[in-house]
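Have a look at this one before I ask anything.
Letters A, B, C, D and E mark the chains as written, and numbering starts fresh at 1 in each.
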Amino acid sequence: GQSESSDLPGRVVIGYQAIPNGQIISKDFGWFEETAGVPVEWVQVNSGSELNTGLAAGSIDIGLSGSSGIAAGIANQVPFDVIWVHDIIGDNEALVVKEDSGITDIQSLAGKKIAVPFGATTHYHLLAALELEGVDPETVQIFDMQPPDALAAWHRGDIDGSFIWEPTLAKMLESGGEVLIYSRKLSENGYLTGDITVARKGFAEKYPDLVVKYIASEIKAVDFYNNDPEAAAEAVSRQFDIPQAEALRQMKSLVLLTGQDQLTSAYMGTSDSIGNLASVLKATADFLVSQNTIKSAPDVDVFKAALHPEYIEQALEQ
Amino acid sequence: MNLLELENISVDFTTKKGTLSAVKDVSLTIGKGDFISIVGPSGCGKSTLLNVIGGFLPPSGGTILQKGKALKGPGRERGIVFQKPALYPWLNVEQNVGFGLKMRGISKGEKQKIVLDNLKRVQLSDFAHMHSYELSGGMQQRVAIARILANDPEILLMDEPFGALDVLTREHLQDELLKIWRETHKTVILITHSVEEAIYLSTSVYVMSELPGRLIKKVETPFSTEYADRDIREVKSLPEFVSLREEVLSYIWS
Amino acid sequence: MNKYTKRKLIEFSISTTSVLTIFIVWYVVAEMKIFPEYFIPAPASVWEAFKEIALTGYRGGTLLQHLGDSLFRVISGFILACFIAIPLGMFMGFNWKIKAVFDPIVEFYRPLPPLAYYTILVIWLGIENESKITLLFLAAFPPLSISAMSAVAAVPMERIHTARSLGAGRLQIFTHVIFPSCLPGIFTGMRVSIGFTYTTLVSSEIVAATSGIGWMVLDAGKFLRGDVMFMGIFVMGITGIILDRLIRIAEKIIIPWKGKG
Amino acid sequence: MNKYTKRKLIEFSISTTSVLTIFIVWYVVAEMKIFPEYFIPAPASVWEAFKEIALTGYRGGTLLQHLGDSLFRVISGFILACFIAIPLGMFMGFNWKIKAVFDPIVEFYRPLPPLAYYTILVIWLGIENESKITLLFLAAFPPLSISAMSAVAAVPMERIHTARSLGAGRLQIFTHVIFPSCLPGIFTGMRVSIGFTYTTLVSSEIVAATSGIGWMVLDAGKFLRGDVMFMGIFVMGITGIILDRLIRIAEKIIIPWKGKG
Amino acid sequence: MNLLELENISVDFTTKKGTLSAVKDVSLTIGKGDFISIVGPSGCGKSTLLNVIGGFLPPSGGTILQKGKALKGPGRERGIVFQKPALYPWLNVEQNVGFGLKMRGISKGEKQKIVLDNLKRVQLSDFAHMHSYELSGGMQQRVAIARILANDPEILLMDEPFGALDVLTREHLQDELLKIWRETHKTVILITHSVEEAIYLSTSVYVMSELPGRLIKKVETPFSTEYADRDIREVKSLPEFVSLREEVLSYIWS
């Protein structure tokens, strides 16, 4: 509920996910609250589609999702602006297979059972890995499973592997698993995945200042992490009720980008020259179309138009 | 104008084995203040006929007029005591008796008075606060009677109301009914298996045939009007009473 | 035209009007484009999706295959539950010792969400149909056992007394008096249960499914395919109505005496 | 000690034994460590989690706060449904025209999984309690309306006839005869409904919640905190039992005449 | 040894308004082949007493022995006709009557024969395939009677079995009952409101007092045994019959 009359909304609703990145650090310290001047409410979202729904309903103002969800959102004209890249997925997502499954490389996945949460970044990466190696996805038995269920199936031996994230990834590795490929490797090959923050169009147009302030708090969080990872992990461990060492381990597997990093051509780019992220998202969307999961993907210009590095630029100026 | 006019009323039921004709070509005219009784063999269609008059069962054939107009559905002016008393288990005796009064929005004080009067009438004053499922069969029947009497309808339709009562209670209620009838000039249609009761109470007794039920005989009886000052036992042992009873019984037995 | 068919006709036209109204509201809302197309797709695109999926299928299965897989799961779970929950519920109503054994268990798991304990089922039963059918079985169970139990408590004592004085043993009373007396309540429970089971279908197809109408809806949801979602929801709604009607018809045939006891 | 208390005691000890057996099986399975600790945690660690979360809370709320939030949602949805579904169901049983209007709608949405149409609710009602309570309301609705409708069909005709001949109008018959006659069936429906509503809680707390016992269980699942999950499941199970008991007690008090009609 | 011995039987009910003593200090000895009737005012505890003998209601005080052993619960040897016939709506008339036989595993052919015999006895042969809810009140009562008779129990406990029947059917069934009793030497306990019926059928008539019910009088009657060759109407109009009736009535009225 934003009041139309004043210059400030009644409150700001921020969607977060259970990912140990800068957002959680800033949430823990209340940095956005300090500057926002309005009440801030944090809600947890679990998937890209949930975030898209919340945005379309007008009940989430700023929120984060994996890049597949964002690509699907842009393709479906969900009214949002891309404002920030939280992290690039590195070693926190990987394709794990059982040591005794006989799988040695991507090629030998044919005929095996692999679990992956459909629609998630790992789903995209699994299909990308298959494509990269020229394996027909039809030959692999791909199951739709959320991480806990995948882990359960793993223990029973119902599946041979899973493209999954932390903390499930670690648990699988502990119990007879080995990594076939990390997401980092696929990102390097052009199949970039990451967690991306968007702002609802209506919100961003009306309260650009708040968006800038939010970005500022994110920038502060990344800097804080880079300066003092231990303290940052401490904050995350408070938020997620997990041990500090575990938080640190998970954070290290992510690639957190500073404000300046984001403005490079590899990612957001600048408002004059939009970065490569647009093409990455376009490629993701095209890929989803080819998998018949979304109907169609628009032109790359639409993706470019969705990227708004100007907020980062303004935040850095301050 | 007659109060109720039944013309060629027939009732058919559809059962698995085809149509069962329960009431056939019954014509009957009932004037205001009449007290008629219907006797007949078990399963001959008496309750069915009463249900038609009550407005619960549309007849398969024939017409039925009330005060000259086609009778449509049940109404408060026709109070009915069913063969099986359908008391409301969630109400106690007092509340069951006061049900109709409550529905009609009678004030609490007046309702209380009427209820107590009628409970006294059926000799259940001591059981006002009991629940229907805590009553004996005869007591339940009496509550059903009190419930209708309390509602003071113009026409009383009663289906074997005293069937489950002992001699003493039965005689008491017969007299109460007569008293009410005489005082208020209600119209009563009574179904009974006791020929004695029929003769003692009514102005005319109808004998119904076996299935399909028709009215095969009408007998006028003078006792309810002309012997009003006499005691019930005295009347019932009068030779003219006994001979009328024998007469009616002979129609049934024939 | 007799009274009965006339009534049926009126009934039908009222129901049709009521359904049509909803369609029109939907059409208007979709036309107004207040919400993006993938949340409230136009009727026409839902119809397109239906045609497409009915003919060419969705991700490796035709609509009929998906529906068939789901119905198999739902009906297996439901029938299994009928065979176990109804007798057990009746036993619980009949004998307080049996009730004391099972009541706490059923009462405990009953309010638990399938989503919360599904993982544990997967651990035991794997990712195939076994765990799905078990989940649906567990969903179908409580409405059946509760209705059966309550129905037993409402059996008029005279019926049981009569049977005992006629020499019926405890088991005979159970099967020949209590069971038929409970049928009206049991049928109500079955109607509630089948609906409940159907709503649990999606939860059961959350894990490791690549077929099933519930999975299709979920999967379409993940990729913002509103048309497919709506289509799937329609198919679920209509098959749900059909299942319910089947039970209602069975009720009419089996207990024509309902309310006449 | 009279017969009644004696029976209660036996009942209690049987139930306790039955529950204890399950605990022992759990303990043994956990001890055997067939499954990793995060799937089947030991009773002791669940107890630890309980103590910890009861005292220090889980992610920004104490156990009581989470439970309170959830109960508020469940009870609001349920009570709202009682007030609407029970009269509506009775009207539907009473008047076939009303039934013709609403039956297709209720029957249609009834088998739909909350997970499938929750998105649409969020679009309309946002991510706050409104959409959650509406979802729970929709879950609570069908068992109530179906039971009420079936109960009306089972009311003995004589009761209605008697009332009519006593001068009761249609509305009065409805409130003073049909309604009380239906109470036993309605209570059964309420018991089924509250359980069902509770199982839907997790679905309702899947979207954009940061509090609630259902959310806690889901969230713990993400972090593979089996101890917290089990603890949450226990709390849900036990509060579910309590809600059900409350309805049973109300039933005992309100309709002591059940089965004695 | 006596078949049934009741010693100081009392029954109390707990109601909202305290304890209600329904039966008090009833002692009664019934030998094999006895036919006893109990008459008494409505709500005095007759059905309650019958329920105790039937084994459905444990007495609050006193002991009850069957063939010298403490009576425990209901049993097939004590067939009971309740005041309200509890027919099974899911069974048709024939199946209702055959219920006990089916429970006892009697062969189909034999069952069929017994059922038809008993339907004939209660004059319902034509209604074998109807459902209980399609029957009139009196017909339902007759089905309940046929159901118990078909089951051939040693002791018959009957609670106003003929209450809802017309004179003719009633007399027919009275005679049928007498015939069965004479032929099979069953023991019968009959509750009735008709003193005439009680005297005509039984070997002794007990008069019960008002609440709390006690047995206040026992009257031996000779008609069921000594006048077996006479016609029912003849017996009922014998002067000794009429005077015995008056005697019993006088106990009730006093």
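In this section, a residue touches a chain if its C-beta (ideal position, glycine included) is under 8 Å from a C-beta of that chain, and two chains touch if they have at least 3 such contacts.
Note that the coordinates shown come from a computational prediction; the quantities given were computed from them, not determined experimentally.
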{"item": "Mutual neighbours - chains that touch chain B and chain C alike", "value": "D, E"}
{"item": "Chain D to chain E, fewest steps along touching chains", "value": "2"}
{"item": "Whole-Å gap separating chain A and chain C, where each centre is the average of the chain's CA atoms", "value": "38"}
{"item": "Centroid spacing, where centroids are CA-atom means, of chain A and chain E in whole angstrom", "value": "84"}
{"item": "Intercentroid distance (Cα basis), chain D paired with chain B, Å", "value": "49"}
{"item": "Where chain A touches two or more other chains, by residue", "value": "49, 53, 56, 148, 152, 155"}
{"item": "Where chain E touches two or more other chains, by residue", "value": "84"}
{"item": "Residue numbers of chain C (touch at least two other chains)", "value": "35, 39, 119-120, 123, 156, 206, 221, 260-261"}
{"item": "Chain pairs that touch, as defined at the top of this document", "value": "A-C, A-D, B-D, B-E, C-D, C-E"}
{"item": "Chain A - residues contacting chain C, complex", "value": "47-49, 52-53, 56, 72-73, 76-79, 115, 118-119, 142-146, 148-149, 152-153, 155-156, 158-159, 288, 292-295"}
{"item": "Residues of chain C touching chain D in the complex", "value": "7, 10-12, 14-15, 18-19, 22, 35, 39-40, 96-97, 99-105, 107-117, 119-120, 123, 139, 142-143, 146-147, 150-151, 153-157, 184-185, 187-189, 191-192, 194-196, 198-203, 206, 214, 217-218, 221, 229, 232-233, 236-241, 243-244, 258-261"}
{"item": "List of chain A residues in touch with chain D within their complex", "value": "13, 15, 18, 42-46, 49-50, 53-54, 56-60, 147-148, 151-152, 155, 167-168, 171, 175, 239-242"}
{"item": "Contacting residues of chain E [partner chain B, same complex]", "value": "13, 15-17, 39-43, 46-48, 83-84, 127, 129-130, 134-139, 142, 160, 163-170, 193-195, 249, 252-253"}
{"item": "Interface residues, chain D side, partner chain B - complex", "value": "156, 158-159, 161-169, 172, 176-177, 180, 183, 255, 257, 260-261"}
